[in-house]
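Structure in structure tokens, see below.
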Amino acid sequence: MNFASDNISAVHPAIMEALAAANAGAAMPYGYDAWTQEAAEALRALFETRAEVFFVATGTAANALALSAMTPPYGGVLAHEEAHVNTDECGAPELFTGGAKIIPLPGDGGRIAPEQLAARLAGFVHGEHQVKPAALSITNATEYGQVYTPDEVAALSGLAHEAGMGVHMDGARFANAVAHLGCAPAEVTWKAGVDALSFGATKNGAMGVEAVIFFNRDLAGDFLYRRKRAGQLLSKGRFPAAQMLAYVKDGLWLEMAGRANAAAEKLAAGLAETPGARLAFQPQANEVFVWLPRGMHEALQAAGAVYYPWRESRDEVMARLVTSFATQEAEVSRFLELAAKAARAA
Amino acid sequence: MNFASDNISAVHPAIMEALAAANAGAAMPYGYDAWTQEAAEALRALFETRAEVFFVATGTAANALALSAMTPPYGGVLAHEEAHVNTDECGAPELFTGGAKIIPLPGDGGRIAPEQLAARLAGFVHGEHQVKPAALSITNATEYGQVYTPDEVAALSGLAHEAGMGVHMDGARFANAVAHLGCAPAEVTWKAGVDALSFGATKNGAMGVEAVIFFNRDLAGDFLYRRKRAGQLLSKGRFPAAQMLAYVKDGLWLEMAGRANAAAEKLAAGLAETPGARLAFQPQANEVFVWLPRGMHEALQAAGAVYYPWRESRDEVMARLVTSFATQEAEVSRFLELAAKAARAA
Amino acid sequence: MNFASDNISAVHPAIMEALAAANAGAAMPYGYDAWTQEAAEALRALFETRAEVFFVATGTAANALALSAMTPPYGGVLAHEEAHVNTDECGAPELFTGGAKIIPLPGDGGRIAPEQLAARLAGFVHGEHQVKPAALSITNATEYGQVYTPDEVAALSGLAHEAGMGVHMDGARFANAVAHLGCAPAEVTWKAGVDALSFGATKNGAMGVEAVIFFNRDLAGDFLYRRKRAGQLLSKGRFPAAQMLAYVKDGLWLEMAGRANAAAEKLAAGLAETPGARLAFQPQANEVFVWLPRGMHEALQAAGAVYYPWRESRDEVMARLVTSFATQEAEVSRFLELAAKAARAA
Amino acid sequence: MNFASDNISAVHPAIMEALAAANAGAAMPYGYDAWTQEAAEALRALFETRAEVFFVATGTAANALALSAMTPPYGGVLAHEEAHVNTDECGAPELFTGGAKIIPLPGDGGRIAPEQLAARLAGFVHGEHQVKPAALSITNATEYGQVYTPDEVAALSGLAHEAGMGVHMDGARFANAVAHLGCAPAEVTWKAGVDALSFGATKNGAMGVEAVIFFNRDLAGDFLYRRKRAGQLLSKGRFPAAQMLAYVKDGLWLEMAGRANAAAEKLAAGLAETPGARLAFQPQANEVFVWLPRGMHEALQAAGAVYYPWRESRDEVMARLVTSFATQEAEVSRFLELAAKAARAA
């Protein structure tokens, strides 16, 4: 019963096999290998556009580097106040942009509403005394497991582009968003105005690889330099590429995300029927946020359930439960049983 | 006959097996897994000291982050003018230190001589108008395949410490240096005054992992923050750690380096007897630098030999030939035969 | 009737005379002149402690450099959300700290309350995933012309120090705060836990000089380097120093600030009696924030009153009126007359 | 007899008068005053082109900010190894560019020769492993008091532009260069391919102001933001502007530089006839570099002559003697008499 994060999961067997298969003989380093070219092509095919594609080792690097390509050091990045780029990257965007400022916006469920964005943009009236608004970063699925639809993305992108800004999507859980939406990946990205996407794989079954995808290819001009000086040019490039190839082959990425989403749905459905438990949001991806009575929380932890308390009030704990492709039905059932038992005992 | 680099090689089978073995069930992310703890312990045992150990994805990241822990943004890093940190990292040390300046020193074979270091340090007489000398970075084995002995390291470290500076060793090919020296790893590092080591594994049989090892533990205080904001905190920490564990287990790392060094030695011995070819240096690690007559160079390339021309004169090309644990005897023999044939034809 | 800012004012004649007097013969550059030494001594005497004192050209530089001495690049600076360092310096603190993050706190009248600070500090539970809280920056007088008392400063400093953070005071209008408090400068700074002060002079009668004063001298170790690389080491050091000497001599700074405060008080008293106008805050320094009916605002502007609208609602405009030592009684009277006339017309 | 630097000099009386004249009444801050507009116009007239003009407080800031407008953080700045930007700014260019690397070039008398530049540019063959060459910075007059002619500047600029780089001229002593050349300022700047000029005034009679002049106006797009976040937006903008206006009015700047150059020439002529003394270079601006026998050096210092020893050999000291508009004939004569006396005594 480990719901601590999706990155506790192992690597999908198909991806492990791809790594083993790539481990044969010599291959030119630094991305000048066949796997890297093939994986980039596979992503272009998946997104139905001639995007520029770069692989990096972590999601934090993907986000921070993507932002650095659209934000000058005197720029501002508008993002949700609880966005990973603002709260969980220890200042990586500030480092890679050379000191840009992340400007936090409020919003329910990790979403930015167009009117919040518009209001904040209207406040940039002091010229060079303020940073220059340069990028909008939205997370899909959000940190609260909510999903922006293509229309919602387009509404935010439209405002950002009008203001001369670029649009970045943090897709650490992009697979879960697309699995929920059931749309083509293009619909919720470049067709909705996204200039650059951090396309996550690590949380969803890979060993450790993320892609920075520039739909707006003008932004990619010097990205090779940015990636290299960030220490993110992986010398044996065939291995991250082989992971990515296996990840998108035959829809494996969506199959895994679908399983994770289904597990979250099942958890949520069960908790919705558990007296005392209150869902904070209806999950749309692979995260369940649920307010638990303290007694239930303590009983669950005592029984070995692993998850992070996200917030607390006097009487309740908001638990974050993250599922993955590897989440077992038995884990979900056991968790729900324990919660039900605690509810009865209360 | 690919001698382009040591990172063209595949992953050693024992390391692939270790990755597969680690791929079982859930494990806490971000280094809070058993493999990470065990791998750090293994490195402490190897170096016979309570060092602080951190894993990162690339050698460039290892170097730049290690330097950032000992160099303020207004600091200077003294390094050989052809050191990787100065010429091949696209400014990563400048990025991670926040703008420190690398101050190049001359020296034969990629080595810094103590008198060169002393002379440069004597030039810091203008206080805050100059950067503050903060770190000495030496590469062992050097970019020219030469090896500093423990005494040589100690002489340089002594000067650096007297000047209040830290000492960093770029050990991208540390295994090759130790295999050549035949000494304990401790002898040529902390016992010789090294404060921090970039301990490379990727070029010598790993898939992609390097360790930053702080022998001077005072430097490691906030390194978790530095690594995270650099996008180098790998979420599924068991995989880099499992690589490193297998790498040092039962001396695999030295066995692999020994094989690479032997291949280089064989290449050098053969070339020394090839009329027209002139060794630039007697190789001490896994790199051979040899001046080839242009005709010989062209014949070799035409026959499919892959390597980088490092410098050129009118009549000669200095070739860099890099070997690895995976270099085949047949490749070496074939290369020497082709060179001999070209010599006869000349 | 120009209430746009305090830096619209000219230079006080005594300071102009000091500049002229300093303009005689040769003097060693870069602060190695007698004026610089004397001015530093004068500030030490004024603050009754052996502080380290450095002169810079602007308030933005003073703030950003002071913060850089207590905040690592992976650090966080807690500040009021409307603090100058957060909203009006175009990212200078981010630049000079190497990418630290300013973490905005709410608070009425530009003040941070201890409970707000404590609540935010309690949120730092994710280790290296978040920035490391490193500095608290408070502004006295605040951006809304409110003044922290020594006890209020001490309460905030206490929390910051407990959390291992340094305390910075932005004193762009420090003179106005002290003139209001009537206490010794030491009382509201180092005796209340302030580690570093940006001691402003430019807004209060100087031509262009600010001091960074480190009461905590450990922070000043390498500040000469920080200032030089920021382009803030003024070569003809006698001129900024001569300004500062004249500024504090015989209490000129407090006399000027007192005049500015009195003008603000008079404006506020008049507006309080003007039907329709509502003071946003009771002014404690040299700034009046007042909600004006739109008609009154338009009438005032049409009559030539110069000031910034700070916020707007449908029916009202919040005007910011800043006074200085050079504000004339006639300007104040004229403004109040115009407001009264507009009130009668409404 | 103080030849330590040109910034030991006081402010020219005409500039002091201009400051006093500007000190009347209120003026809008941050460059929105009439003086600033007028001074920018005056510089455009002087350079006969619609340049963008920005004032800053120091030469280091002017250089570093100008370079930041043409160099990305992963860029390289090619400069003479003894250029001020490389050796005397404590890493300011690295700070303001976000970590760019200065790549030192050799050259006699502080000059870069076209063949040296071409050779270095030819070494950029490793793509993103190296920094991207982005700017050429040349100093006129050089740190050794030598002057590039318009043709020499054009030759270097041509190479830089071919390589896609911008061209910056450090003109801390631009006045001395133009006084020597006798050409129009335009001839040796934009007509010779210079994109941005640091136009110095402080060393040549101002109190403290430098201009960054962008002849290539595309580079100036966001410079207001860069200057503000560098803490170089001087709030009472009329004062730096008034200095600059007086500086260029009626050719004052060239008159002062001419006097300084003449004093240097007289010193050099006298020393050339002093047995034992050897000029290192024939001075072309306001600096004399002369090898003095140790005994002569000691005698001069004992007699109160102030200057910096620039280099030393066993028997000689290379003295740097800097003159300014304020250098007195009597100082020069006295210095030469003392040298002659020491020569006779030897």
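Letters A, B, C and D mark the chains as written, and numbering starts fresh at 1 in each.
Basically, a residue touches a chain if its C-beta (ideal position, glycine included) is under 8 Å from a C-beta of that chain, and two chains touch if they have at least 3 such contacts.
Just so we're clear, the structure is a prediction, and the values are computed from it rather than from any experiment.
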item	value
Reference chain D; chain at largest CA-centroid distance	A
Chain pair with the higher count of C-beta pairs in contact (A-C, C-D)	C-D
Rounded Å distance between chain B and chain C, as computed from the means of their C-alpha atoms	51
Cα-centroid distance, chain C relative to chain D, in whole angstrom	34
Chain A and chain C, separation of their C-alpha mean positions in angstrom	41
Two or more partner chains touched - positions in chain B	73-74, 89-91, 94-95, 98-99, 128-129, 131, 225, 228-229, 233
List of chain D residues in touch with chain B within their complex	73-74, 87-91, 94-95, 98-102, 104, 126, 128-131
Chain D partner contacts - residues on chain C that touch it in the complex	2, 4-5, 7-11, 16, 19-20, 23-30, 56-62, 64-65, 89-92, 94-96, 202-203, 207-208, 225, 228-236, 239-240, 326
Interface residues, chain B side, partner chain C - complex	30, 72-74, 98-99, 127-129, 131-132, 222, 224-229, 233
